[in-house]
C-alpha cells in the first residue's frame, strides 16, 4: 500500500505538518509539498472548441504521484475556514485531468483510493473546520473515493498543535490504522 | 452605498457572472475580476521575526477597492464544492492585511459591510454548495460582517443558469433589496 | 400526482403553515397535522428477539397517507435549529416501518417520491436552518428520495413570515413548479 | 464540578450509553434517562395572551437537574441523522422555560455551563452525524454555553461501539479532560 501526503501549507514544519507526521510515523510515504511546485490556477476551458490545452507547469508530475498512491492524506492549515489556496488551486486542476486523454482512467483510479483530511486551525477547528470536512465529503463522493476519516487540530503559533492532546491522539490512532493496512 | 463584486471565475460572461449581473442590474458597481490581476498565494510569515513583507503584485490595489465598498458580493463558480482557487488565494491574503500597518483599520472596516455570496455549480448546488455558504458564515463572523444572503444556482454549459428560474428569481429579489439600500 | 404536507408545528395558521400554503396554493393536497395525532416515540427494538410490536396509536394511518403521495412536503417550524419534536417522533418511527411486514415496500416506495423541506425560524434561518436541510439530505439519500428543494423563511411573531418577501417568493416559485408537475 | 448526562436513547446499555460511560468513568455523574420520564412535546404558546401554562409532567424536575450541573453531556443515538425524538421533545421545552417566571435565570445559567455531545449511529456517523454537531453549535451559541467537544461513534447492533476504537479512545480522552476539571 502506498501513501501520499498532499501538503497545502506554506510554513516548513508547521502545525499541520507535525500533526500529519504523527499520523504517518514509521511509514513510508510520498510527501508532496505543493508550495514547492509551480501549479497554475485552472482556466475553465471545458466549453471551448479546443478544450483544455497543456499547461507548462509542475501539475502533471504532481498528479501522477497522487495517482500512484492508494491512500491520500490531504493535509492543510485551515486558512479562512477552508483549505489553503495552494491546495485549492491544485484540486481545481482536477477538472482538466478529467478530460486529459493522457490520463483517461483518472476518475476510476481516484475511486479506488482512500482519502483522509488533516487540518489545523486557530479558531475552533472542531466546529469551524467542518465546512472543509463536508467539502471533501462531496469531493470524495464525486469520485467514489472512500472517506477514511479526518483529524481536526487546534494551533496557531509554531508548535502549538503538540498541546492539542486530543488531535495528537487521533493522529496516533490513524497511524495505527494505516500501519495495519500496509 | 457602494457595491463591489469580487468575481472568482475564469470564463468571461460565465453562468456565475450572468446570475450576479441580474442581482446588480441597473446599479452602479465596481466589478473586480480577480483573474485579471496578479495575486500571489499567501506565504504564512505571521510567526517570523520580520513578519510579512510587501509583495509586488496587484493585491493591495484590489483590497483597497474592496474596502471602499459598503456591500461585497463574492461571486464564484463552484469548483470542487468550494470557491475557486483564484478567490481563495485572494481571501487568504487577508491574513497579511490583518497585520498591514498601512491598513490598520482593515478588520473594523470589514465589520461595517454587508456580504453576499453568489455561486453557480453543476452538481446539486443547493445542497453541495452549502459548505461554501457555511465557510463564508465563519468568514463574515470573524469580522462581524453582516451576512446579507446567498444565491446558489445550477448550471454547467454556458448560459445554462438562465434556465434555473429559481436562482434567477432570487437574483432579482436581491436586486430589489440592493436598490432599496442605495 | 398526489401531494402530502407533513406539518410539524403546533400553532394553527402559524408562519410555517402560511409559507407552506403559499407553496401549494390552488393545488389539491393532503394536509397531515402531526399534532392532531397520537404518535408514540420509537422504542428501539430492532435488536430484540421479538422485534418491534404493534403500537396502538395513529402512526400507521399517518404513514399510509404519506406513502400514497408522490410529493412530500415536510413543513416545520425551526425549534432549536431542527425539526419539531412532533416531526422527529414521527420520522423516528420509520425505523419500525422499515421492518414492518405489512409494509414491505416502504423503502422502495419512499425512493420514488420527491421531498421538500419548508421551515421557518426566528434566528437567522437561512444560515442556522442549514443543519436541518443537511439532515434531510441524509434522510432522503437513505431512501433515494429526490430532494426537490427547500424554503427557509424568517418569522417569529404570528404573521411575520408575510414580511419575508424572499421566502414568500420562493414559495410562489415552488408553487409554479408543483403546478407544472400535476 | 457537577456533571449531568442527558440520555436520549431507548435501549438500556445501548451503544451510546457504553460510549458515554467510558467518557465519565470513575466520575460522579447524574444520569438522566429521558425515556423514564413523561415529557410532553412543547405547544407553542409564546404568542398567546396567557402564554405557557404549567404542564403536569416530569419536565420541570428534569430541567432542574440539568440546571444544577456545570457540565452537560447530551448523549443520543443518531436516529435519522439527528438526536432522538425523546431528546428533541425535551430540548423543545426549553422555549417554555425561557419564559418561566419560576426559572428567570435559565438563560444565564445555561451560559455558564460546558456542553458535550456524544452520539452513535450506524451510517457513517463521522460525516452524517455532522448536522447534529452543527445543530448543537447553534443551540450552545444561543445561550453562550461553551461547546466542549463531541464524540461521534459507529455502531448498530448491541455492543458494536466497542469495536470503534477511535470513538472509544476519544471517550477516554474526554474522560481525562473531565477528571482534570473536577
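Order as written gives the chain letters A, B, C and D; numbering starts at 1 within each chain.
By definition in this document, a residue touches a chain if its C-beta (ideal position, glycine included) is under 8 Å from a C-beta of that chain, and two chains touch if they have at least 3 such contacts.
Listed by chain with UniProt protein names: A, B, C, D = Multimeric flavodoxin WrbA.
Predicted model only: the values in this text are computed from it and were never measured.
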item	value
Partner chains that chain C and chain D have in common	none
Same or different residue numbers at the chain A/chain B copy interface, by half rule	same
Inter-centroid spacing, chain C versus chain A (mean Cα positions, whole Å)	38
Distance from chain B to chain A - Cα centre to Cα centre, in angstrom	24
Sequence positions of chain D contacting 2 or more other chains	130, 134
In the complex, chain B residues that touch chain A	9-11, 14, 41-44, 47, 77, 79-86, 88-89, 91-92, 94-95, 123, 128, 130-132, 134-135, 138-139, 142, 157-158
Chain C partner contacts - residues on chain B that touch it in the complex	124, 126-127, 130, 133-134, 137, 147, 149-150, 165-166, 169-170, 173, 177
